[in-house]
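Each remark here refers to the structure printed beneath this line.
Order as written gives the chain letters A, B, C and D; numbering starts at 1 within each chain.
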Amino acid sequence: MDVEQACFEAGIKFGSLYHQFAGTPLSLESADSLERAIEESIENQPHCRSVTVEVQRDVLAAALEESTASYTELTGRFLEVEVVIEYEGIEVVTRMEMEDGYPLMVLESVRQ
Amino acid sequence: MDVEQACFEAGIKFGSLYHQFAGTPLSLESADSLERAIEESIENQPHCRSVTVEVQRDVLAAALEESTASYTELTGRFLEVEVVIEYEGIEVVTRMEMEDGYPLMVLESVRQ
Amino acid sequence: MDVEQACFEAGIKFGSLYHQFAGTPLSLESADSLERAIEESIENQPHCRSVTVEVQRDVLAAALEESTASYTELTGRFLEVEVVIEYEGIEVVTRMEMEDGYPLMVLESVRQ
Amino acid sequence: MDVEQACFEAGIKFGSLYHQFAGTPLSLESADSLERAIEESIENQPHCRSVTVEVQRDVLAAALEESTASYTELTGRFLEVEVVIEYEGIEVVTRMEMEDGYPLMVLESVRQ
């Protein structure tokens, strides 16, 4: 069924995005270029209409203030992500958000 | 809907698996331990009942014979993977297989 | 110079190891298989005599107790690693250890 | 010794760079943003003065022409990389280049 396939495709993009880029060295200076690279690389994948990535600068700045280092590593707590999939006329919107300190991947809407 | 969520979860596991481990140094000697680690690490993820990973030894052996190196990097052409998801009584079976030289992630069955 | 090359090789192994596997889903149950896979995969790399990886079970158990999830992601705080390089008769021993909450890669000894 | 440490640091950057980003979905359209993100993220690491990454567009275009897909995955054959380390007055220049179809990380110069 097309709806099932569309949701499966949406999941692939989220898993790919997170596990490709988690661990990348990250600072306030390099956040812009990482956002663009994540968006454009995942948009290459099939049926992916758009990817929007926002590194949470306030969370990142707070994490860096607590440490002696000038950078940290990308993890889910610094990320807000929206991915839109289009598969055979079905649009799936998904989002990543923090819940109880864990990055949760959420299926937001499935529309025909 | 539960079916949509189940398929979304299945996609997450496949994207995670592939992009976490692609690029890992791989030889005939280290194939066993990599298979087990991929299976057990992805099985940690929510709603994941089982992961079965088989490194295709014949494809790997052929690739190593063509080269001067004793190892290569994990890519999709060396992998056969099955992932089974269980979400709210729905079972989703997914598989990765090669098609035209590309690793294709396939939604095999969705059952209630 | 051989000493320089030996130290360069040692650094490559550490960077590879960390950035290949950071982010891997990790639990007390899957720690064994991940340790073996990291060791055997990095030992494939040239001039790498041995890799020893120990997931710190006490640190991992404490992290899991603080959370509602049954697994977490591999980061440096869970790892103790020793890598031994042999290059043209030179032995380089390196170690990863935590310092001020950051994983530090340390050149321990260089011997001819 | 500072020279040893400088060469060790150079190796770390190369291993990190390669194993963080290998496997990233890549097309001619997304090559620019990936180059910038790799450069800026690795430049965050200690003692790293500069990172220059060039995706080989001709090699990438040829690989895409041979396939039915509009993108591929980042591997060493698409990359030319130079990393410059500065550690306690010592400058180390390293390069990644292809040799016999394998990405080779090369220590180019060590200067005080």
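FYI, contacts are C-beta pairs under 8 Å (C-beta built on N, C-alpha and C of every residue); 3 or more make two chains touch, one makes a residue touch a chain.
Since we're looking at a predicted model, the values are computed, not measured.
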| item | value |
| --- | --- |
| Contact-pair overlap exceeding half with B-C, pair selected from A-D, A-B or A-C | A-D |
| Where subunit B and subunit D are represented by their mean Cα positions, the distance between them in whole Å | 27 |
| Interchain centroid distance [CA atoms averaged], subunit C/subunit D, Å | 21 |
| Distance from the mean Cα position of subunit D to that of subunit A, given in whole angstrom | 24 |
| Sequence positions of subunit B contacting 2 or more other chains | 16, 18-20, 23 |
| Graph class of chain-chain contacts, one of line, ring, star, complete, other | complete |
| Residues of subunit D touching subunit C in the complex | 1, 3-5, 7-20, 94, 105, 107, 110 |
| Subunit A to subunit D touching residues, read off their complex | 16, 20-21, 23-27, 29-30, 33-34, 36-45, 70-71 |
| Touching residues (chain side subunit D, partner subunit B) in the complex | 18-19, 22-23, 67-69, 73, 75, 100-102 |
